[in-house]
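Next, two complexes with subunit A in common: one pairs it with subunit B, the other with subunit C.
Right after this comes the complex of A and B.
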């Protein structure tokens, strides 16, 4: 694989071809916030908190750093007025669902996000899918998955699989950026009421 | 079914089909489109069959159950050939009169023909009825002339001559060049140049390539693709095979809805018949070109019409948009180059090949060529499927074709493009139908759903309606779309209930900006279009100064 020369936050950076902006930044010690990213998993691009501004061929674009492949002469700004504004709003939107989540609170402070901007609807979940994807991609068990779509999307343990697999694993719990207890609750619920009559 | 092995054999078959048809023999073309069927046209069809049997006319009169004629407002519709007499709002009880007086007696029945509600003038033929005569029906016009289940009907109209010409008189490069010169732009909503997309897929590395018909049409208020595809499936299929030849693909997919059984059925029949004649499958027309088509059904979610979600769905996965920054024309289904065009785009291809790009570019505006199908609905006298040349003014569509606004109301706004489109006020009625002109005004044409709204419409409610639709129909994967829509919908619901608060509009704009800039796919990025356009043109309604027009 060849090397690619690009610019991140004004610094010339030389990285391997095929890397994403996020990997390139991490390799040179530049921090881009992430919530749904995990190095063992396929990039997912759902939380959009890693949104950065890129410039190619005279045009600027807002892209997800965890997915955007590096290109020769790409100019990346990991912070800008636009980027910060997006991250602030995304945090405000997510924090309405997980008000006590440490990871969100820390970022909220950094980006000046107002924790009370939107009415609280605590579900303790921001649907980052780390648990779902870890179970599918690393454990290859698919014991936990998404159901429904749009505003009704949620995470559910599949009782038949969870009963066999989860008690001795629980490796997804510590991955949760909001509240691992919620995962425990959902798992218990799935096992206690496998037909969904809760 | 004899297999056709050469262009000569195709022309011979065509001649033999035509030789068995008497152009003077009466034929009753009965619309069996979705709307007319809902109005009870199956009973009308049954009544005609019975009456013909009763009078022992089987050898003298033909009946043809066809696709949508277009004038849904006046359905059930029938056209009687060879005179091309149009009867509207036909009921089974009127059938025996139609047979005896018109089909046999050659007399027009006054009460069944179109009457202009304003002038009282009557019109018996398509060429005289304002709804039809002001259109240019290159794509949909054949719907009355073919039985969708009869490939012979399509062949009788010159069908598959463009395929034969492409395979035997043109190289794939020449076909591609012709489409590029025609400046055909994607009818699915983006308006992206079709030739460029084909070229990208053609030049993308890899032997295996796919071509796909997007027949999802999940947009509320859009019903023109199913009218065309259900009514004349071979016109789409012929375009697809020609595109496959130009791109170098040997496998096609038709992605359509699970909940339109009539369309599904007609597609399957069309594929079987085309295969029977050797127009599909191995060694098409003896040219050495192989191409097969599979039909895939959706699971009933709007976002599965998005190109990458659609392709994942064909792979058998959940229809969620793919987050990767790579075009599907380069890496689509199973990471192979995959060229997706919508139904109407494919249907344009045969006529471009037959008539040439010069003919095609003579229709339309500088940057939007050809005709466009429009689903005309809302507060409009003549609801239906309309086809006009690009550049036709919205005024002509609303008044000359659509017959204006019912109940003496005034026009307030026109909404294009469904939940990802926008609304423009009546003052912009002289805008031409053109991809770029409409996009500039904030009402991108989308697939061609045109919703007309009268003075009683509350524009905040319009924006709320579409966001409500999207909150159920987005995949829910990314935060700016899922959560942004949720919050925008809450604010709009409050405003429509008179509970709006100071700062609502600014917050709406901020949410719209974040959803527009940070969402994963085009659905999220354009989800706030209806909101933004109504905020721009009808801002006072958001700020509570309700206009009572």
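Right after this comes the complex of A and C.
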């Protein structure tokens, strides 16, 4: 594996080929906010909060740091006017779904996001897919998954699998960026009303 | 729908997980809907987790997880059909079958659905029953047409 020299926030950084911008930044102690990223899981790029501005060949681009592989002489800006504006908007949208989420509130404060900009639609879920992917990739049980699409997309537990696997695991609960209780609620709902589930 | 028939359909596709949607579509077209037992069987035979099958079957509108009637009625509510009196056709069909859009009657005879355009606006108002198009249909004609279905 060759080494690659790139610039993050004005600092020269030397990292291994094949790493993503996020990993490169983390290895040098530069913080990029993430919500759907987990080191044990494949990068997913759902939340887009890790958006950074990269400069290649004289023009800048907005990319998801958790997915974008490092390149020679890449210039990365983890905080710029554009990036901050995008993160602020994303947070305002997500906070309309999960108003009480601690992780979101902290970030909202940092980026000056207005919590009441959009009408509240508390689904308590930002569809980051951490629980779904953890169950599929790490535990290989597939007890929890997405259903439906678009604005109605949501996370449900499959009652038949959940009844067997979930009581002794619950490892997805603490992963949830909005509220661990949300997963608990969904699990209980699936087990108590198995036929009511789609 | 029994398990033997499901197995037959799966075997036709060599039991490959990549044929999941084809298998589901065939079950759907024969049985008119996808019962939970069928999904479990498919999941087991194709080695696809039930979560993914749920994800796919709720994603595509071609699949139904609730019982559907033998004859699916689609009534176009697009602009052209609406102006030409589709609402009256819908009212008549609702009265005759006793079901509202999105519902299925008790004998599993009819399912009713409204659609937004069928692409043949010159035929409006249009009603489709089990794939057969009834164009320029008056409420009384709709009533007559539905009597021919068992």
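Keep this in mind: the second predicted complex is superposed on the first by the 196 of 198 C-alpha atoms of A that agree within 3 Å, B and C clash if a C-alpha of one lies under 4 Å from a C-alpha of the other, contacts with A are read in each partner's own complex, and residues count from 1 in each chain.
Assume a contact is a pair of C-beta atoms (placed from the backbone, for glycine too) under 8 Å apart; a residue touches a chain by one contact, two chains touch by 3 or more.
Keep in mind that this is a model prediction, so the values were computed, not measured.
> Per the contact definition in the header, classify A:82: touching subunit B only (first), subunit C only (second), both, or neither.
So A:82 only meets subunit B here.
> Just to be sure I read the superposition right, which of the two partners does A:126 touch: subunit B = first, subunit C = second, or both, or neither?
First partner only.
> Now for A:143: first (subunit B), second (subunit C), both, or neither, which partner does it touch?
Only subunit C; A:143 stays clear of subunit B.
> Just to be sure I read the superposition right, which of the two partners does A:63 touch: subunit B = first, subunit C = second, or both, or neither?
A:63 contacts subunit B only, not subunit C.
> Applying the document's definition of touch, where does A:160 land relative to subunit B and subunit C: first, second, both, or neither?
second
> Which of the two partners, first being subunit B and second being subunit C, lies in contact with A:48: first, second, both, or neither?
Touch status of A:48: first partner only.
> Between subunit B and subunit C, which makes contact with more of the residues in subunit A?
On the superposition, B touches more of the residues of subunit A.
> Is A:90 contacted by the first partner subunit B, the second partner subunit C, both or neither?
A:90: touches subunit B, not subunit C.
> Which subunit A residues contact subunit B in one complex and subunit C in the other?
146, 148-149
> Which residues of subunit B touch subunit A in their complex?
The touching residues are 301, 303, 318, 323-325, 470-480, 482-487, 490, 510-511, 513-514, 517-520.
> Looking at the complex, which residues from subunit A come into contact with subunit B?
Contacts found on subunit A: 43-49, 51, 62-64, 67-69, 82, 85-86, 89-90, 93-94, 96-97, 118-119, 126-127, 129, 146, 148-153.
> Within their complex, state which residues of subunit C touch subunit A.
By the definition above, subunit C touches subunit A via 40, 49-52, 54-55, 58-59, 65.
> Residues of subunit A touching subunit C in their complex?
Subunit A residues touching subunit C: 132, 136, 142-149, 156, 158, 160-161, 198.
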